[in-house]
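You will see two complexes here that share subunit A, one where it goes with subunit B and one where it goes with subunit C.
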Partner chain A sequence: MFRRVPPLKRINKASSNISTLGSSIVNAINHSKSTTPLLSNYYSTIAANENNSSTLPVKSTDILIVGGGPAGLTLAAAIKLSPNLKHFKTTLVDAGNLSENLPKFHNLSSSAYMTNRVVSITPQNMDFLTGDLNLPLQFNRIQPFDGIYVSDGLNDTSRMAMDRESMGNMVELLNIQSSAYMKLLELNANNNTNPIEIADNCKVVDIVKPSTTNATANGVENTNPWPYVKLDNGETYKTRLLIGCDGFQSPVRKYAGIETRGWFYNEWGVVATMKLEYPPFNHIRGWQRFLPTGPIAHLPLPGDWATLVWSTTPELSKLLVSLPSNVFSKLVNAAFILEDGDMQYYYRKLSDAAVDKRIFDEIIEDIDYRIEVKSQQLINKNNSDMYYVDENYPPPIKDTLEKSRARFPMKMFHADTYVAPRVCLVGDAAHATHPLAGQGLNMGLGDSKSLVSVLEKASSRGLDIGSVDLCLNDYWKDRYGTNMMLLGVVDKLHKLYGTRNEVVVGLRQWGLNVVNNLGDVKEFMMNVVSGRK
Partner chain B sequence: MFKRSFSLTRIQHIKRLQSSSSSVPKYSTSFLNSNVSKTTARRSTSFLNGHPAAIDTSNKVNPDEKSHFETLAPTWWDSKGSQRILHLMNLARMDFINEILRNYKVQLNANNSNGSKNDIDTDLYIPRFTTSVFPTEIKKNIENELNAAIYKELQKSELTVLDVGCGGGLLCESLARLPFIKKIDGIDMTPAVINIAKQHQSLDPVLAEKLTYAVRSIDEQKGQYDIVTMFEMLEHVDDPKEILISGWEHVKSNGGILFLSTINRDLISWFTTIFMGEYVLKVVPLGTHHLSKYINSREIIAWFKEMYPLSHEVLQVKGTMYIPGKGWVNHDCSNVGNYLMAIQKK
Partner chain C sequence: MLAKKSVLKVAALAKNPQPPLISRTFITQAVITGLASHFIFGKDAQLADNIENGKYSNPSTKSNDTTSIDLFKRPMEPQYDGHVPLYLHEKFLMYLVSSAKSYYHPEDGINIVQLGESTAIPCCLENLKQIMLKDDVGRRILRERPNISSETLEAFRGSNLPPNSVGMTYFKWLDKEGVGPDTRAPVQYIDDPDHAYIFKRYRQCHDFYHAINDLPINIEGEITVKCLEACNIGIPMAIMGSIFAPFRLKKAQKERLYDIYLPWAVKQGLNSKPLINVYWEEIMHKDVNEVRESLGISKPPDLRALRKEQRRLRKELKIRYER
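Moving on, here comes the complex of A and B:
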C-alpha cells in the first residue's frame, strides 16, 4: 500500500503556510497540471468478480463524494445531518491533506492573516451554512458588506451604486471547508453507528463500470451497475451513488461521459490579499471597475484587509504576479482611479526587459503624483466636496500580503446534464463561471441544498438513490435552469464590458447611468446577486 | 330524551346509525354481501359477498389475469416501459404510507417507557394549521424539530409487512429500504412475476435480508403482521371479500394497519383508467382492468362497518388521479376514480 505525497509544500512560517495553502488550493482546483490522465476509454469494463490489480478487497459504500472542497464538504455535512440520509454509508475522498490542514486552519487564534481565496456568499446561503448546517464558522474572519459600487473603466461618470444592507458576506474558502470538516468530525464523535469515512490524501485513479453480463448468479442483466472507484492507495470502492464535487477537471464527469459546453476567456485572474491604509469608515462595500482588459474587484475583509480579483490578459497577469509587492499595490490603486491611458503607459514600461529598481521607484512616484492630481480634479469638479474621493473610490491599498498573489484562468463552462446513472455532479464539476458576479460557489451551495432535498425525498420513498429516472432527474431539473440563467447573465456582462467598440461602450455607459437611477431594475439586479428569488 | 341519548352505549349508537332512516344516504353493504353481481348498477346487491366462484376456487386466481401478468413480467422493472404508471404510483403509495405511519403509528410522549424524558415536550406541540402565523424561520425550525422527533420515534419501531399481490416487487423493495421496516413478505399467484421480483432483488445487496417472495395465496400464508398491503390488487381477483377477510386476519390487532388501493366503479373511472389509459394514451397495458371488478370506496367502508364494527378504524381515504407528465396527484374525492385507504385494527 503506498501513499502519495500531498502536493502542498511544508513551510515553517505560519503566515506563508496559510497563503501558500490558499494559492495551492487555487492551483489545485483550477489548474490542469495536478490531475493524472485517465484511461482514454471511458467505459473500460471489468467483470464484477474479477480480482483487481490491488490485493485489497472491494469496499462497498452507499454515497461516495469525490472532492473535499467547500461544495463536497458542505454536502457531506448536510447528508450526515439529515434524518432521512444519515443511515447511508458515506465516504468522502480528497487528494489533499484535509485531516492536517483543515483543523490547523480552524484553530487559528487570530485573524492576523487572510488567505487569498475568498468568495462572496449570499444571505440565503449563509443561512444554509449557519442555520441548517450549523457550521462552526470563524465569524471574526467573515466580512458582511452592504453594497456594490460598479464603475466603467473608460468613463468616470458612468457608475452604479447598489446598496443593500448585508447584501453578501466575504468568506474565505478555507473557513467554509474547515468548519464543515470540523462539523463532520463532531458528527462522527456523536454518532458511532454510522460515521462518515473521510479518505484524504487519496487521489482517484480510475472509475470503471462493471460489465453488465454475469452480474448476478441468476444471469439477469444489471442495467444500472454500481461503479468501481479506484484510489491511488490501492483501495477500491463500489458505490450506490457517486457524487462528483471534484472541480473543473472532474474525473467523475468524464466517467459519466457528460460533455461540457463553454469556452476559456482569454483572461486570467490575479488574486491577492491586501492591507489597506485605513479601514473603510463610511460604507463597507465591494468595488468593481470594468477596465478594458477585464474587471478589477476590491472586496472588503475584516479590519483593514481586503481581497483583490483582477481579471486581465494572460501576459499582463503574468507581469502583475511577478512585480515587487510595493509596485503591485500602487498599480492596484492606480487601476481604480486613473485613466486607461495611464494604465497602458505603466504596463508598457513594466513589460520592458530592462526593468530595475530605478524604474519601479519612478513608476511609484508617478502613480502617487497622478493620483494626487486626479483626486484634486475630482474634488474641484464636485463642489469642492472633500470626501468625494472617499465616497466614490475604494480605500487605497498600503501593501500586498507576501506570497498571496496567484493567478488562474477564467472560463465559462456548463455540463450538458448533472446526472447519469448512479452519478451526479455538484459545484464546479457541473459549471464554471467568471468571478465578476460572485456566483460560483453560491451556485455550488444551491446545488448541494437541492441535491440533499431530492435524496431525502427518494430515501423516504425507499427508492434506490442511484436511479436517474425516479430520483436524480429531479435534482437536475431543479438546478439546471437557475444555473444556466446565471451563467448566461454573467457571460453577457463580461462580453459587454470586454469590448472597446465605441458604440457599445457609449451605450453601456448610458445604460449603467440609467439603471443607477431606475430603482426597480436595480432592486431586481440586487436580488439576483444576493440570491433572493 | 336528552339524558337518554347520552347514556347510549357504543354498540347502540352503531345500531342506531345502521337502522335509522335519516336523510344521510346510506351506502349499502349489500353490494358487497349479495350473491348476484350486476356489472354496471352502482348499488346492486351483494357485490363483495356474491361474486360467482372462479373457475378454480381452490387456487383463487383467475387464469386470464394470471396470463395477463405473465406477459407483463419481463418489462415490469423498466421504469420507462409499460409499467411506468405503476412506478409513478409507487411513489404516491410510499408517500401515503409514510404519512399514515407518521400520524398514526408514532406516539410523541413526554415520558418514555423507561421514565426518561423525550426531547420534545408535547405540551408545546403546535398543530400544523397554526404554524403559518409564525415568521418562516421559526416555522421552519418548529417543523424541523417535529420531523426529527417523529422520525426518531419511528426509527425505534420495527415493523413487519405482508404485501399481497406484490407483482414484480415495486412496493416490497421500496419498503425494504426503509430503516424502520424489519421484515417484508411478498406473495403473488403468478410465478413469472415472482421470478422477476427475486431476480431484481438480487441486484441490490441491501434487500437480501429483509425481503422474501413466495408464490402463495393469502390463505396459505401464515403469521400476523404490523402492516398488510393490497395495492391495485382487489380489482384483479374474482372474490375480493375472501381476500379482505383473510387479509384482515393477518393484521396484528392493537394498532396494525391494512393499506389498500383500488378503483371506484363509475363512469369516470372507466373513462380514465380504461378508455384513456388503455386505449387512447396507452399508458396502461391493454386488458389490465375490467369495470365489473372495480369496487367503490364506500362499499369497502360500509362492509368493514358491518363485519368488524368495533375493531376497525378507517384512518384515511384519499382519491388519486394520474396526470400525464406530472404523476399521481392526491385529491379529496375518494368516491371517484382511484383511491388509497388505510384501516387500523384495534
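Moving on, here comes the complex of A and C:
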C-alpha cells in the first residue's frame, strides 16, 4: 500500500516501521476505532528517523494540506485567496496525478459524458464556491434541481414532495476539483512571491514527531513540535499546521491519534450514470425511494443525463454491477414504480440467471408489462390523467453509460475530535455518512469555510495557527455539533427505513404522509437539507 | 297628570307581564350555532368540498339549478364490472350483520359471501398479492387472470383425464358428494381490482381444496377446509370462521373437529406451500399424489366414513346399555 522510502542510508528500524504502519492501516479499515499503538511505534524510532532516511534537506512550510480532493483543493484556494492567510507558505500533497488529469477535465469541450461521482451541493456552499472563491466551475455540467420527491418502497401512497427553487445543485466531484486546481494555478501565475506548492504524485509515507533530543537543544522543551511528513519521493516537510483532507483512511488522523466511532452498514452503494428516455419537462427534481433493501436515488444532470445511487445488500450490489446494461436500466425503472414482490422476484430470477440470455429477455419483457399495468392502475386509482406517472415518478431510463457502474461500501464514522496539536481534519477524514441525504461533501465544504475563518482570526491576532488552544479549538467547536447532528439524523433515517417490521412500516408511512401535509415541518426539513439555518 | 302616568305604567306592565322568554344568552347561543353550522354544513362549504375533491362540474354546462346537492354521492367510481363501492361505515355494518347471520345460517351463500368481502381488509389482500408476485406461477396467474366457472370445469370432464389425476379426483369427489361444479358468486365490495381478482380466485379454488383432501361438504368438512385456508392463505373470514363456527355444533362433532381435523388443518396449512399459487387448470392432468407431495399436503382421515362408524358404534352401545 505504501511504497518504501528509497534507502539511501539504511537504518534497521526504518523498514519495519513502515511495514507495520502499512499493515496497521489496512487492519484499521475494518475496525471501528483506529488503533493507538501506532504512536508508540513512532516514538520508539524517533531518534533513528530524524533526518536520516534521506539526504534531501527538510523543507519547511506553514500549512501542509494532505489530500487533493474537493475538500483539500477548495481549502487551499480559500487559504490563498484570504488576505490574512495568503502570506503563509502553503503546500498541497496528493498521491494522484492532479497536474495531468484535472486540467484535462477542465478543458473538456462538451458534456459528452458525465462522470459517475456526482454530489449535491447546497445553495450556500455553491455561493461559497462561486462567490467567495470564484472558482471557474463548468456550469454546463452543473444541474440545479428544484425539489426532492421521497417515497416509501412498501407503499404507493406514502410520499413526500419537497419543492423549492434551486434546492440544490448536482455537481461532479471532478468539476469542483478541476476548477479549484485551475484557480490555484491562476493564483500562482499572478503571485510569484508566495505561490502554493502542489506536490502531486506523492504519497505520504510517514508522519513523525521530531525527536526530543533536537527539541531540547536550546534547553527549552518544545511542547508543540512541528510534524515531519515524509513523502515517497524522498522529500520531507516540516509544517506549522498539518491539515488532513485525506479521506476515510486518513494517515494524518492516525498520526494525531484521534479515534473514530461508527460502523459499517451492511450495505454497498451502486453508482451509475444514466441516459434518460426524455429530459424531464415539468420539474427538475431529485427522486428517492426507500426500498426495503436500501434507498435508491435518481438525481438529475444536465440534458438527459441522470445519476444513480442505489444502496443495497452486498450480494445484490455485486449482482447489479454484473448485469448487462439494458437489464440494469430496466431494473432501475422497475425499482421506482413496481412493488416489493416484483423486485424480490426479479432479484431471485437474476441471481439464478447464470449465463442464460433468455432469462434476461423474459425479465425485460415482464418489467415492461408490469410497468404498463401498474401505470394504468395508478391512473385509475388516483382518478387522474396519463401525466400522473410523469408527475409522481422519475423519468424512465433508456440506458446506462458503459463502465460507469461501480460500488462502494456505506458507513457512518465520526472522529472524536477534529483538532490535535498542529493537526486538523477536514472532510471525509473527520466524518463519513450515508449518501441518502446528500450531506457528505456539504459538511466538508462547511468545514473548509469554518477552518479558514478560524485561521484568519488567529492570523490577524498574530497567534500560532498550529496551536490547539489559541486557534484550532474554535474550528472544532464550530463544526462538531452541526456535523454530529447531521450524521445522527441521517443514521436514524436509514435505520427507520431499513426495517420491515409492520408496526414501524405503518407508522413511518403515516408519518411521511403527515409531514407531507404539514407545511411548516416540511419547510424546516427543506432548510436543513439545503443548508439554510 | 299623575293618573295619566299611572295608567301608562299599568299599560306597560300589561304589555310585558313577565320576564322575557327569549333571553340574551339564548339568542347568542342560537346565533352562534346558526353561524357555525352555516360555515360547516352550509351550501358554500359543501360546494367548496366538492371543488376540492374534483367533483364539481361547471353548472353552466348542465342545468341552471345550482342549488341542488348531489345526495347520491358514492365513494368512488366502479373500478371493475360489478363493483359496488361502499363507504367504510357501510362495510362495517355489512360485517356486523353478515357475521351474525352466518353464525346461525351458514348454509345461505349470501351471508358467507358478504362476510368474506367485508372482512377482506386491504392489508391482507395486499400481502397475498405480494406472495403471488414473488412466485413464478402466482405471477402468471395474476397476469393471465384465469377464471374457473362451471363451464370451464365441465370442459375438463370430456377430456381424457388419466386415472388418479387431479381432475379425476375432483370429478370423483363431486360425484361422491352429489353436487356439480358451480360458478361462484362474483366479487362486489372489494375496491382494488387486483385484490378483487385475488379474492375471486380464492373463492373459486375452494372446491379444489375439498377435493384434493377428500373432505365432504357437511359443516365439519367446511370448517376444516376453512381452517386450512386460514392457516395457509390468511383470509380473516376463514380465521374467524374456524374459531367461532364450531361453537354451534353437537358434542360428537366438536370432538371430531378439535381432536382430529382442526389440528390436521393447522399443521397442513402452516407447513405447506401457499395454495393460491397453484394453477389448478394446468395441473388437472397431473398425478394427484405428485401434486400433493409437491405442495406438502396429505389427506386426513375420511370424514364421512368416520362419522358413519362413530354413529354406528354409538347406536350399538345405546342398544346394548340402555335397555
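Keep in mind that, in the parts below, the second predicted complex is superposed on the first by the 478 of 533 C-alpha atoms of A that agree within 3 Å, B and C clash if a C-alpha of one lies under 4 Å from a C-alpha of the other, contacts with A are read in each partner's own complex, and residues count from 1 in each chain.
The working rule: a contact is a pair of C-beta atoms (placed from the backbone, for glycine too) under 8 Å apart; a residue touches a chain by one contact, two chains touch by 3 or more.
These numbers were taken from a predicted model, which means no experiment stands behind them.
Enquirer: So if we stack both complexes on subunit A, do subunit B and subunit C clash, or do they fit?
Expert: They fit: once the shared chain is superposed, the two partners occupy separate space.
Enquirer: Is A:S453 in contact with subunit B, with subunit C, with both, or with neither (first, second, both, neither)?
Expert: neither
Enquirer: Touching A:Q124, do we find subunit B (first), subunit C (second), both, or neither?
Expert: Neither subunit B nor subunit C is touched by A:Q124.
Enquirer: In the superposed arrangement, does A:L470 touch subunit B (first), subunit C (second), both or neither?
Expert: In the superposed model, A:L470 contacts subunit B only, not subunit C.
Enquirer: Quick check on the superposed pair: does A:Y345 touch subunit B, subunit C, both, or neither? Answer first, second, both or neither.
Expert: second
Enquirer: Counting only touches as set out at the top, which of subunit B and subunit C does A:N84 meet: first, second, both, neither?
Expert: Once the two structures are laid over each other on A, A:N84 reaches subunit B alone.
Enquirer: Counting residues of subunit A in contact, which comes out ahead: subunit B or subunit C?
Expert: Of subunit B and subunit C, the partner in contact with more residues of subunit A is B.
Enquirer: Taking the superposition as given, does A:N380 touch the first partner, subunit B, the second, subunit C, both, or neither?
Expert: So A:N380 only meets subunit C here.
Enquirer: Once superposed, minimum distance in angstrom between C-alpha atoms of subunit B and those of subunit C?
Expert: Between subunit B and subunit C, the shortest C-alpha distance works out to 40 Å.
Enquirer: In their shared complex, at which residues does subunit A touch subunit B?
Expert: So the residues of subunit A in touch with subunit B come to 60, 83-84, 87, 131, 215-218, 220, 222, 224, 459-464, 467, 469-470.
Enquirer: Using the touch definition up top, name the residues of subunit B that touch subunit A in the complex.
Expert: 79-80, 87, 90-91, 94-95, 98, 137, 147-148, 151-152, 173-179, 198-200, 202-205
Enquirer: For the complex, give me every residue of subunit C touching subunit A.
Expert: 54, 76-77, 79, 129-136, 139, 143, 192-194
Enquirer: Could you pull out which subunit A residues touch subunit C in their complex?
Expert: Touch residues, subunit A against subunit C: 339-342, 344-345, 348, 366, 369, 377, 380-381, 383.
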